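Chain naming follows the written order as A, B, C, D and E, and within any one chain the residues start at number 1.
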Amino acid sequence: MTAGNPTLPRRAAPAPDRTWMLVLIFLVTSALLLVSHNNDLLGNLGGLGTVLHNPIVEAVVVSLFLANVLFAYLWRAAPWAKALVGLGSLLLVLPWAGQEDTSLLDLSIQIMIFAALALGLNIVVGLAGLLDLGYVAFFAVGAYTWGIFASPRFSEVLRYYGQNPGATNAGTLALGLFLTAVTAASMIAIRRRVARPTRASTWSFALASLGLVVGLILTGRALLVLNAFRAQGLATGLDANFFWLFLALSVLAAAVVGVLIGLPVLRLKGDYLAIITLGLGEVIRVLANNLGLYTAGSQGITPIKSAAVPWFDRLAGALGFQPDQYYLLFLYVVVLVMIALILTVNIRLDRSRIGRAWIAIRDDEVAAQAMGVPLVQTKLIAFATGASFAGAMGMIFAAKQTFISPESFNLFQSIGVLSMVILGGMGSFPGVILGAAVVTLLNLRILPGLGEATANIPWIPQQVNPGQLQRLVFGVILVASMLLRPEGLLPNRRRTLELHQDEDQEDDSVLGHGPALTAAGGSDVYSPGLAPEKEDERAGGVQ
Amino acid sequence: MDLATLLPFIVNVIVGGLVLGFVYAIIALGYTMVYGVLQLINFAHSEVFVTGAIVGYEVFRVLAPNPMNGYLKLLLALLAAMTVSGVLNVLIERLAYRPLRNAPRLVPLITAIGVSLILQDVLRVIEGFQGRFDLTYILPESFGTRFCAAQSSCAALGNVLRTIGIDLQVKDVILIVVALLSLGGLNYLVNRTRLGKAIRAVAQDRVTAGLMGIDADRMISMTFLIGGALGGISGVLFGLKVGTVNAYSGFDPGIVAFTAAVLGGIGSIPGAVLGGLVLGVIQNLIGVTNIFGQILGSANLQAIDASYQRIGAFLVLVLILIFKPTGLLGKSNVEKV
Amino acid sequence: MPEQVMVASSGQAVRTAETPMLELSDVHTYYGHIHALKGLNMTVNPGEIVALIGGNGAGKTTTLRTISGMMKPKVGSVIYEGQNITGLPAHTIMQRGISHVPEGRRIFAQLSVRENLEVGAYTVTDRRVIEERVQEAFALFPRLKEREGQLGGTMSGGEQQMLAIARALMVNPRLLLLDEPSMGLSPLFVEAIFDIIERLNKERGTTILLVEQNASMALAIANRAYVLQTGEIRLSGPAEQIAQDESVRKAYLGDE
Amino acid sequence: QTTVKIATLSPLSGGQSDLGTQIRNGAQLAVNEYKPLFKKIGLDLQLVAYDDQADPATGTAQARKIASDRQILAVVGTLNSGVAIPSSAALAPSHVAMVSPANTANQVTDRGLSNMNRIVARDDAQGPAGANFIARTLKAKKVYILNDKTAYGEGLAKEVEKALKADGVQVVANEGTEEKSDFSSIIAKIKLQRPDAVYFGGIYNQVGVFIKQLREAGINAPVIGGDGLDSSELATIAGQGANDIYFTTVAAPIEALPAAKVFATSFKQTFNDNAQGFGAFGYDAAKVVLQGILDAARANGNKAPSRMQVETAIRKGNFTGLLSGNVTFNSVGDRKSATLYVMNVQGGKYKLATTVPVKPARQ
Amino acid sequence: MTYIPNILDVQGVTKTFGGLTAVNDVTFQVPAQSIISVIGPNGAGKTTFFNLITGIYTPDKGIIRLAGEELVGLRPDQVTASGISRTFQNIRLFSTMTAEENIMVGRHARLKVGFWDAVLRTRTFHQTEAEARETARVMLDFVGLSKWRNELATNLPYGDQRKLEIARALATTPKLILLDEPAAGMNPRETEDLKALIRRIRDDLGVTVVLIEHDMRLVMTLSENITVLDYGTKISEGRPHEVRNDPRVMEAYLGRGAAAGEYGKEARPNA
């Protein structure tokens, strides 16, 4: 079932050293990648060129090339070789090939965006065990945070407020700021002072938060009205140099929305949470669709800027990139760095008090609480952390697309990210990254390649041409891989420990309650002694 | 606007919501049954239900030239849809969920999504071979007529209904009757029969149910059969109500129906029905909020139109669950530790 | 099926003591790579009470699970009434007249007390018989009658234990597997439970395989006993003899 | 022999796949037709179909994929404006010309990309045409506007609303709805407000169901829409209610144009499927593309032209004999002039109500 | 005898479920550094009583104070933070965690280390992490489970799981620990070990112990004071020998085997 999986704890003999194999494969696939994405070269290669040009072959080459990084991670090899292959692939060969074929850059960015999303969702679902089906909402928040300000939309908004200032003036700004400060301060004060919430403290806290919202709205509105005269000058949106500031803001905004959504709903259990998050995800999308002034509704926002980094552009130019490729290359590098960051944050959180608390909650809420883990707060941290990653990626997505509209943030995207997490291996960081890569590759390369290659084969009837059966093929792959590797492609250490306990177990009935069931939301835990009955987790049964 | 026009309007909106709610309710039952035994959100149920709708379409299409009684056709369509959807659901369970009985809960969820994608394209291909995509029900003429139309013997009743704004077509009434019958049948089956009790036992603890002599696998199959048959019924009802389906039409009503199941308290049969009805009515009421806004002269309310229907319903769901975390009729299990 | 159970319960005399009712030979059972039973051999004769004692993790529960089909042995066979039931699914084994009160009680948390009992009688089709047995159970455990409508999951630990035992009795089994029936019961009730076990055995002729931590009481009512240690039988023989055994007294009876 | 390719970019899987497949198939017919012509000058013509899944990100990725295949000289696509906008931007640097068979949103060409063209009418042309028809021909005083909350439907509805208001017609609502199966609350409102006409910016399979339910509720006010309704399925779905429906489209009615009839039969023959409006648009768009390439190739001495040459040939060309009339593009890729046909569905039958010439503001 | 302040002070708590009064106006005091038992027939309300103290249920009526601090209304995690920790009648370990990690979760409330500390790996983080690991080691040693340190909790034999739960509860550095039937499922021999462990919890760690048990041998020899509940009401209270000879207790709970002396020697009061 899991042959060749290096994370298996029971593996006795150490894996053979594969340094040379790794380097060899790296060289071969790099060569193939570079050749197959160079039209001029291909033209001169004759028969081989035709083969390499075949969309399926091409898709395979890309996948194999990306697999390099995976091999570098998995195989036992000399550190220099790992570094060479990992960094060489990502920093050298890929951008180089992308120079000829920007779709490679687009693909890699997209893979990494999804990988980051999957890492974020993994915290929520894989570690904390909260099923979130509306995760894409945070992605949308990030995308719109940048999209609105770095596009002509911003001047539209300003113009609108210029024309409809209402009773807003400098006084409003002062009032707004004052209100914000006072309420925020009192909220903090209430939090600090009151250990045991009384009715009065709860109400005053609620009142203060209401005041805070009003204050923020007033401030925002006043700022907009007061700056309305700038509309002309900002016809294409804020200066691209704000990119970095907004990267922080997107993270913040998504985290705040995460907390706002999380606060009321995180008390809910299991699939009640799932359906509510699904609903709230839709709410965000519909709001984006309806708040035309800010989001341009269904028409979408375009063009959206990317960052302006002159030295980077000069560097890219010197390396032979075309000016229209600068921003892609730039985003590629940014997203690469972001992934590294996000991964670090993930790993560090996982191996900390917070990570332990998440897993404890996932395993047994009551016991976790009894051990001093505050449920809502801990879940909120998971929610907000996951959300913030999505926020950052949303912004990069907006910059990459130069266009965003609500249809990019529908339920399918949430489900897609979830399937990446599960397919890769819930709770396992390399796993979910791999899951993201596999799903994205399938969707953007392999399946289209398959369709393209078979499109003109006469004996395949129109109706069953793989080119238009991508859902079916994807579905089959999804089902098959789950049946073959229920623990995911690169399972989490914990889960491997659990599942392999039961490996030789022939009768699965006992395992019906076995440890394997303690997935998100949890189920009974079967211990050799008393089985703790967690009635409330089995949400009802048929009544 | 005066009361004489407003009252029938409101009644109309509510009744429309209820009729729709019945369709949601029956779909929701299919979700809730499966959820009840496996704690699995059966994403493929929406396609099971569409399969029923398509089977129903085919029956009506094939029988269209046949002069037989319309109700007989409906009966045949229902039976055919129940059978096909039921068997399909059982097959899905066998192939895609059973092997994963002991995997983490989210794993079958993903295969369910996979199965859902597969079925969508399979259904499209099947109809596509005949050059069809959108399938429009060919219903007997009589179904489209108004309920208790002037010439029939119950004209008086019809007139009374219409005066207060209840303007139903024969097919709406059929829909309600079929829905109520299936609901009653299911309720009896689950709560009154040995089979029902066994299913509930399996739902809670498969292993221990085995110790009671209950074949858990068979019970799970039975549940999928029943759930699938309900999917078939709801498919035909959907076809009756909406008139047109295609391979992809399941997703939307599927989500709403699952929401209904959750709203009512997932796993609860009366809950699913109540949830469906409440959601249907709420959706419709939110859809007409702007009219009330006009009457009340509130600009904010006026902005809330049909585009908020769906999310309005979700927000109501949030509110209800905040106050009743296990849904309207879900048992609030105080945990015994 | 249920008919068989009925007939059999009244017809224990048919079987002779020579043919064992239950026979385990060379049974090996695993949890993943954990080897829990290592070649177990044991027999239970009709009409007997056999006690199975041993320390934590010795494999007592695993033995019962292997018999009732909750687990499959990797090697070895389980013969019940002359038929090989090794590896059969639990529900078919149960239909042959074996009831198992599992470790941890495993009450159906969302079913009421009465429904729990009715599900216990799943293989009985006659409604009247079911009702009779429910009343019998209520007579044995009045607390259950008081709480007829309460959800199983909200019962206290001891109440659940009563329910679990009552539930297993609903089919009037020929062989009853009891896994620590006294766990969590008040002293008064522990005595009551042992009383009930003895009465079942005497009055109905139910054969009983009893796993108990309360070894002295178990040995007091048992005919024979096996001592299990790390998956193997260490000792077996008549109960009185086992109770006298020095090592047993030291290890399990807490004698200094 | 050199291979030259054109690509289609449209949803081939998922809920909008029938429309996307129509576009692909329409283009395929055109390719089949042009193959011999290309052969004559020594070029092997091929069509490659890309699936954008109606998703902007997927569309962009596929567009970049297209850009990397230098044999592909131009693209027919997309179905959704939301996909067209980023995809055309991604194609622009490599000068891959795009001719859209469906995208009506103003922004599609307003960005002034050199590669983006379309054969359908802009929202701000089609909308006013529909509005004028409502105001002048139907003489409606009070109109209820609906839209499907997509870039297409909402954009169109907004233009209709603007034009109607300019004409002094009362607009009781401009309401969006994503609902596809039950319109009871909207219909109740319509019943309450008694408009003289209903405009629905949307696609036939949603609007058809709406009309059916509207008529069943006993409302007979005419329903008007845009080219999203151009499908024979509309009447089938609306069933008994397929009366007093009007829609604007650039595709000539089959009866009016012999070529349209030929197209319809060969479409049916080749794909065992009835041609819908988008099939015709796909066909037309592909013909524009192919003629453009052919012209460029001829100018290039019968050698495969460069993308830039194709881009210019399309933008500057004059294409005749299409199902939607003659096509010439203005500086941003909108048709300099087109005829909008106002079709009328009556008793399930389609007939021409009137024609309206449209011109974009920019020439 | 010196005055020993009551560390836990429960005044008249009541809890009803629907029509059933599970805990009825119970008043209960625990002197610091003592070992107290709560006994009573099945369904008497003992577990519910623990649940009330630890905040899992909120009492309908009554006051609960820990060292003067009011506990009613606090969430379970806050109760733990203020110094009460517990084990469960039905074992509730974190099944996907190792023994060591289980105990480290128990440190949660005591580690003052935040989100950013973890992300930035500050000194505080490293210190607290080391501290938590050290506590886990000490606790594993204390209950004698060192050999299981890296084993998943589910894989431990039942009796050891009980001990692990105790270790986890101790890791919260409680003032008071509540043990719900710690000896259930243990044989007399193992129960003896447990008894020693409980004594060490009090003597070595200075933690006050309240336990629920049905094993009278354990209760009578270990506890300094016993409270008896029946139908939610306190029916008796006192030294083991007093309680043992209380006719009401005999009738409701102990049964005929309750003759004096059978359950071994009484614990010596701690003062």
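Following the convention adopted for this analysis, contacts are C-beta pairs under 8 Å (C-beta built on N, C-alpha and C of every residue); 3 or more make two chains touch, one makes a residue touch a chain.
What you see is a predicted model, and the numbers here were worked out from it, not measured in a lab.
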By mean Cα position, the chain sitting nearest the middle = A
Key: Longest centre-to-centre distance from chain B, chain (CA-based)   = E
Ask   = Taking each chain's centre as the mean of its Cα atoms, which chain lies farthest from chain C?
value = D
Message = Based only on mean CA positions, could you tell me how far chain A sits from chain E in angstrom?
response = 43
Key: Where chain A and chain D are represented by their mean Cα positions, the distance between them in whole Å   = 35
Request  = With chain centres taken as the means of their Cα atoms, state the distance from chain B to chain E in Å.
outcome  = 50
Task = Could you tell me which residues belong to chain A and also touch two or more other chains?
result = 286, 289-290, 366, 469, 471, 495, 501-502, 509-510, 518, 527-531, 533-535, 538, 540-541, 543
Remark   = Touching at least 2 other chains, the residues of chain B are 120-121, 128-129, 200, 203-205, 207, 210, 216, 307, 310, 331, 333-337
Per-residue multi-chain contacts in chain D, two or more chains = 13-14, 17, 149, 176, 178, 271-272
Key: chain E-touching residues of chain A, taken from the complex the two chains share   = 195-198, 345, 348-349, 352-357, 359-360, 362-364, 366-375, 381, 385, 494-495, 497-498, 501, 515, 518, 525-534
Remark   = In their shared complex, chain D is touched by residues of chain B numbered 1, 5, 9, 12-13, 16-17, 19-20, 120-121, 124, 128-131, 133-134, 136, 144, 167, 169, 238, 241-244, 246, 248-249, 251-253, 283-288, 290-291, 305-307, 309-310
Key: Touch list for chain B against partner chain A, complex   = 32-33, 35-37, 39, 41, 96, 99-111, 113-118, 120-122, 125, 128-129, 190-191, 196, 199-200, 203-207, 210, 216, 223, 255, 258-259, 262, 265-271, 307-308, 310-311, 313-315, 317-318, 321-322, 325-327, 330-331, 333-337
Request  = Enumerate the contact residues on chain D facing chain B in the complex.
outcome  = 13-15, 17-18, 149, 173, 175-182, 184-189, 191-192, 205, 208-209, 212-213, 216-218, 233, 236-237, 239-240, 271-274
Partner chain B, residues of chain A touching it in the complex = 125, 131, 264-265, 267-272, 274-276, 278-280, 282-283, 286-287, 289-290, 366, 411, 415, 418-419, 422-423, 426, 461, 463-464, 469, 471-472, 474-479, 482-483, 486-487, 495, 502, 508-514, 516-521, 523-524, 533-536, 538-543
